[in-house]
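Letters A, B, C and D mark the chains in the order given here, with residues in each chain numbered from 1 onward.
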Amino acid sequence: MIVIDLILRLAFWLLLAPLLPGIINKVKAWVAGRRGPPVLQLYYDLAKLWRRGVVLSNLASPAFIAGPAIGWMALTLAAMLMPLGPAGSALSFRGDVLLLIYLLALARFCTAWAAMETGSAFEGMGAAREVSYAVLAEAAIIAAVLSLSVQTGSVSLATMLSPSAGAGAVLLAAGLFVVLLAENCRVPFDDPNTHLELTMIHEAMVLDHSGPPLAAILHGASIKLLLFSALLVQAVFPMGDLEPLAAAGTLAAGVLLVTLAVGLVESLLARLAFRHVPLLLTTAFLLCLFALLVAWKGGAQ
Amino acid sequence: MTPGQLLLIAFGSLAISIAIGFRMSRTWLILTLIGTISGLGAALRVLLLGENWAWENGFREHAFRLGGESLHLRLDGLSALFLVLVSVVGGAGAIYSREYWSDHHYPSSAPRGRAWWSVLLLSMGLLLMISNGLHFLIAWEIFAISGYFLIMLDNQRAAVRSAGWLYLAASHAGTMCLFAFFAALAANTGSWELGPMRDHPELAPLFWLALFGFGMKAGFFPLHIWLPSAHANAPSHVSAIMSGVAIKMGLYGIVRFSGWLPVPAAAGWVVITLGAISALLGITFAFAQNDFKRLLAYCSVENMGIIMIGVGGALLAVSHGDAPWGQLAIAGALLHVWNHGAFKSLLFFGAGSVLHATGTKDMSRLGGLWRAMPWTAGLFTLGALAVSGLPPLNGFISEWLVYLGLFDAVTSKASFAWVAMPAVIMLAMAGALAAASFAKAGAMIFLGAPRTKPAARAHECGIGMRGPMVALACVCAAIGLMPVLFWPAVSRAVGSWYPAWSALEMPVPLFTLGKVHVLLAIVLSFVAWGLWRKARANGLRRGMTWDCGYAAPTARMQYTSASFAGIVSGWFRWALQPERQTRKPHGYFPSTAMRLERIPETVLERIIGPISVLVMKVSTGVRSLQHGRLQFYILYIVVGLVALGIFVVLGGAP
Amino acid sequence: MNPLVLIFVPLAGALLAALWPSDRTRPWLLPVVSLVHTVLVCWLFIHPPPVTPGMWLGFDPLARAVLPVVSILFLVCAAYAVPYLKIRSERPNRVFVALLLAILGLLSAGHQARHLGLLWIATEAVTLAAVPLLHFNSTPRAFEATWKYLLVGGTGIALSLLGSFCLGYASLHGGGVGDLTFTALTAQGAGLSRPWVLTAWVLLLVGYGTKMGLAPMHTWKPDSYGEAPGIVGAILAGAVTTVAFTAILRVRSVIGAAGEGVVADRTLLVIGLFSMLVAALFLLGTRDFKRMLAYSSVEHMGILSIGAALGGAGVAAALFHVWGNALTKGALFLSAGNIRRAAGSPSMDNVRGMSIITPRSAAIFVTGMFAVTACPPFGPFFSELQILRAALTPGHSHKIAAAVFLGCLLLAFFGLTRIVFGIVDGRPRTAVRENGKRFVETTAVIAPPLILLALSLWLGLFTPQILREAWQDVVAQLFPAS
Amino acid sequence: MSGTLNLLIGLAMGLNLLALGSSRLPSLIRAMSVQGMVLGLMPVLMEYDSLNWQVLAVTLATMVGKGVLIPNLLRRAMRAANIEREIQPFIGFIPSLLLGAGGTIAAMALARHLPLLPEHSGMLLVPGAIASVLTGFILLIGRAKAISQVCGYLILENGIYLFGLLLIHSTPLLVESGILLDITVGVFVIGIIVDRIQRAFDSLDTRKLTTLRE
């Protein structure tokens, strides 16, 4: 039974994740009045990349390939910990939220490590930016998580996310949405489409990757996006007291909504200048912090 | 064998090895290993079988006393926990030093180094067991001074000398506080004997003395001034034991006496705050360093901060009616003592072999070493993952416990627990920064292309240095994958810290976490291997780094350590106060341009420096009174006479 | 046995030395005579003779508690003097040897003096006898140092004489019959006239404080310690200052009996702390490692007077410190003498890397430095910790004093380590390496400081109970109240 | 009898002022020696009813020591160094005179506060002693030439001796003679050192003696 559950879950995350970037691109195309690439474009790309050979820099060590693999798997396992509405999570225990956060950190570490492998200045730059902005992002996430656990008096995702939304839901939503944009390298932090390497964070880190490792990276990124949107939705929408089906529906709708929002942001906003990025992240952190304080006070009364 | 016998063997062999160390390095190594192993045995017996061991000299009154006090040793859970660390790192370092600081390379200082190493181990071991104020101070001072002489092994270098002096001065400042602490303790209780005395509320204020005195050694943030330079300039095996074990002695002091004595109400908050600050600022400074040993040293400041957060949480819980989350916090802190000891020594050993191979500590002169020294690279990477607190390694377990404690504190919504919220957030930021720092360190040292010739000519270290590193790496992995096995020891230590929490039941998730880690390890390695296979199958082509098509990349075009840390050091400019020198390129055919960035020892150079300058001014002023003119000397006598006369006439009222 | 032998044996030895024909064999008189002296002292220490109140001289508890260390220090220095005088064979040593022995006798007299006037005479005699020893090197610097020693010391002596008269007059005015033995004065107690007693206390404190070298009367110390041979420095710092300290203790007991103990203690505390502070500030900056020893001595005199000010346990600790300080300082002065001789200069500006040139002396010097800065497990550590404990006793706790005390110890440590490691570590100056006649570290010059250091260690770790009792007896006799 | 005594003490005080005011060394030395003689006489006057050989001996010794021996010693040193006068002292002569006078008045005032036995109440012993001690200090601090400093020191000792006379009746003479002995020995030593300094620096100007300093 557990095995089947695991397999289904795995399938869900692995298969569904690449859909989101497709949707985002569609939205952008639609806003811009273009036809745009098919929704399943990422699936094609992944399939193609999976069959391609690999060009390995002379300087790179085997970790150049191990890095993406570990990052990919770390994200997948993190996803396993993320409850899916009524379905709950594959495994839930006190403090699993911390494991989730640190698995994300592990993924980041490995990506950055792999990026530094080639000794390319661009990838070094990308890695530096990635790890630096992560500091603020981590702060925001932990604040958000704290506020959730203050609301619910629990430290395990399953119980943290289920009950009805707390007083700080709006703040939380805003904060987490910004974090989502930052962590997934979307506009206004990053632009997955441009190829001006200097302006990029994530894309700059994977310049030298090719073939299956690149596929792993792209797929991992899509899983991360789905993960965050699921987190955002369940943190904000009250679905603890809904029927299972309704809850599932709400979750799906919410995720779709988030994706659309991301798409709209991407098509309406321009990239921020780098010196403004920390400002925006700090704002996100402050939003989550306020959410936390609201939750704390709310409990005190 | 009983702990007593084991300890006898340990101290005996170490004592002999002091004398032996000057001559026979092999015998010395064997003796030291016997000593450390039996010490480890004794500690484990106490920790696992829970047979606390105590010994008072049964001789006649006045028969055999040191300084008029009869010897009293005791080895309980807490001491044993630290003793394990001393034994493991002490033994590993002894092996490592034999190749790293060999008679062949350092004929003059290697024998000294061996002897002082044994003295250091011996004094730390005794320190952990002595329960008499006078003897504690003796062991403490011997420990401090042996550390000094170990740092000074290479005392021909001026940098080493100044670092050593700074260490000695700071350490003595701490010791003076401890003088006051123990003297006041003895004056209040009427005896030098130490032990549980929570029932003397009047002793509570002494905690501040202990906090400063021991904190000086523990090196948390404002008191860390001596730490970076000392750890960076000492021989690497010394840095390893200094950073992995010696500073823990300061922590032992704080934990031990906060357990034995009553603590003031504010203690918990202060300690948490100090911990949080040193965690965040420590790692910020670490990230900004270019010297990888300095980076490691500052990272120790961060880790002490993490431990202090845990301890502070526990103190807070104790002072507010034994809130159960305090147990998790202190357990995490004590486990982190082991973890930090393990991975920090591993990292310093790795740093040592890099230094040994290339002769430079500057990361921006290294690079691409993984090819020449795969073992070091791999083990260093493992250490880096562990120190960044990433699963599935040991760092995560302890930080997870501390986090859990703080989260429970917050969710308990007790009004005094608010301090846990900022602590958690700062801890998280520190975690992210740690990952950043070690991504940088590993990448700058081992990845990319060699930036200088020595880096290109590097060679792998021998088995004598590799062995200890492998052993410590195994410890990291073991704690990470099987935390459950280590829980009983930690809970024993917690019990002996605060009896009310003895027989502490294991938090269930730890077991799950262990399983998850094992699964994680398997999956990750399997997938990594699989992807590698897949890439090979698809055809693996070696080529030049693409680098956006730039045809002639050179090693000097790589991102350097300073530029990697640039963003963050910009955010923390207020704390780091970086000193920048830049020469911009200009003209149509730009000539050479440069940008130097130096991170000063802010606290030392911006705060302590001016103060000491002031003191020296005063001293110079006073010294000018000794100007050699006899007439004035006699005048001084008259002045003294008159002053005393007035003082007496006023009845000596101050 | 009559304690007078302690005085007459050395004086006879001095006479013999003055008449002894040969410069080459004369130095051997020193160890021989002082060995006899030490044996006698130890014998008296174990079988203390009865002390009748009226005696002017007697092996009383205070003498019993202090004289042994003086004798031991002297013995070791005498043993060191033989090789030293061999090295300095170019200088005639008749006066040197004779006066050293005379000083031993006078010191014994001073420590045993139970009479105000006698005490003063002995002290002054010691002061004057030390003069030719100071300019043994007979360089202009040595003469200058001697001149300052003579006038500053003389002034101090004069003041202490005036003080003695005042105390005498206090007793006279209080209806005393002019018996100046301490027993009589203490017995008269509250009968002494208050204004005269206070005047006497101030004058005597300044006077004997000058001999002790308390700030601000310490100015003679660095000059004379800096210019005198190491052995003379050792005896001055370890033994001669002790006489002044015991004198102050005896007077203090009289003042206490007169009911002015509180004021006396306050003055002692203030002047002690002041001396420590001044010494610490000087130590931070001075660059000459023999003058450094002088300032360190000033600091320790401050510690002694603080201990005396704390009464009871403090006084016992101070006597303990007298022992520890004498032995450790002796070791430091002798090893410093070796280093000075080998390096050819006392200034850290041109001395360096002595751990390579004179490894053994350097090792002793460093260890002695740690010992003298109250690093365990040497004697001074235990005594200073006991003083600290006395200062923090809940009943009459001097928290601020304790804080200043520790602060000064710390500053002094900074200063000492700075200088000592400055001259010990590093690469030796080539000039020093190649200077013509190399100083060889024979056992004869290494053993004495080593023995002193070992004694200091032994004293700290295994303080014999009989010694503790001797110190307690002093407290019981001089400070019956506490 | 105390009338005569006070007369002598007044004389001594006057000599103090003379010593302070004189720039020529010989007159300084002479003042000091005369003062010594005067003081030497005093025990006889104080003890004249119970006169015994001890007192006489002390008197003789004092007068010879303070009045003859020491001054000659100093004169010799002075001649050796062929210096006649004190040039540019640290404290000028007029200021030292004023200081001395002020000191004497202060001494009178201070002495009031110290209780005296009836038999001493009429005498100027205490103020005289204090005055000479002050004079001694002023000379010690204010003069540059070694010889004048020695004179200052001796005047200081005179003051103390003067004070000691308060006790001459009660305390055994051993103290007194001991003091005398010390002073003489002291002065011999001083004389020797002065001589040595004169040789080493071929001058007795203490301004030259400032090589030992921080």
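As a convention for this text, contacts are C-beta pairs under 8 Å (C-beta built on N, C-alpha and C of every residue); 3 or more make two chains touch, one makes a residue touch a chain.
Quick caveat: nothing in here was measured; it's all calculated off a predicted structure.
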Review point. By count of C-beta pairs in contact, what is the leading chain pair?
Key: A-B
Revision key, fill the gap. Separation of the C-alpha centres, chain B versus chain C, in whole Å, is 43
**Study point:** Where chain B and chain D are represented by their mean Cα positions, the distance between them in whole Å
**Key:** 69
Study note, to complete from the structure: When centres are defined as mean Cα positions, the distance from chain A to chain C in whole Å is 77
Review point. Between chain A and chain B, what's the gap in Å when you average each chain's C-alpha atoms?
Key: 36
Revision key, fill the gap. Where chain A touches two or more other chains at once, the residues are none
**Study point:** Contacts with 2+ other chains: residues of chain C
**Key:** 147-148, 151, 155, 199, 222-223, 282, 285-286
Check your understanding: Do you know which chain B residues sit against two or more other chains?
Key -> 623, 626, 628, 630, 634
Check your understanding: Taking all chains into account, which pairs touch?
Key -> A-B, B-C, B-D, C-D
Revision key, fill the gap. The chain D residues in contact with chain B across the complex are 90, 137, 140-144, 149, 206, 209-214
Point to revise | Complex contacts: residues of chain A adjacent to chain B | key: 50-63, 65-66, 68-70, 72-74, 77, 91, 93-96, 98-99, 101-103, 105-106, 108-109, 112-113, 116-122, 124-125, 127-129, 131-139, 141-143, 146, 149-150, 153-155, 197, 207-208, 211-213, 216, 278, 289, 292, 296, 299-300
Check your understanding: How about chain B: which of its residues touch chain D in the complex?
Key -> 623-624, 626-632, 634-635, 638
Review point. Chain D touches which residues of chain C in the complex?
Key: 117-118, 120-121, 124-125, 128, 131, 135, 138-141, 143-148, 150-151, 154-155, 157-158, 161-162, 165-166, 168-169, 172-173, 176-178, 180, 193, 195-196, 199, 222-223, 226-227, 282, 285-286, 291
Check your understanding: Can you list the residues on chain B that touch chain C in the complex?
Key -> 62, 65-68, 134, 137-138, 141-142, 145, 152, 155-156, 158, 161, 165, 168-169, 172-173, 176-177, 179-180, 182-184, 186-188, 615-616, 618-620, 622-623, 626, 628, 630, 633-634, 636-637, 639-641, 644-645, 647-649, 651-654
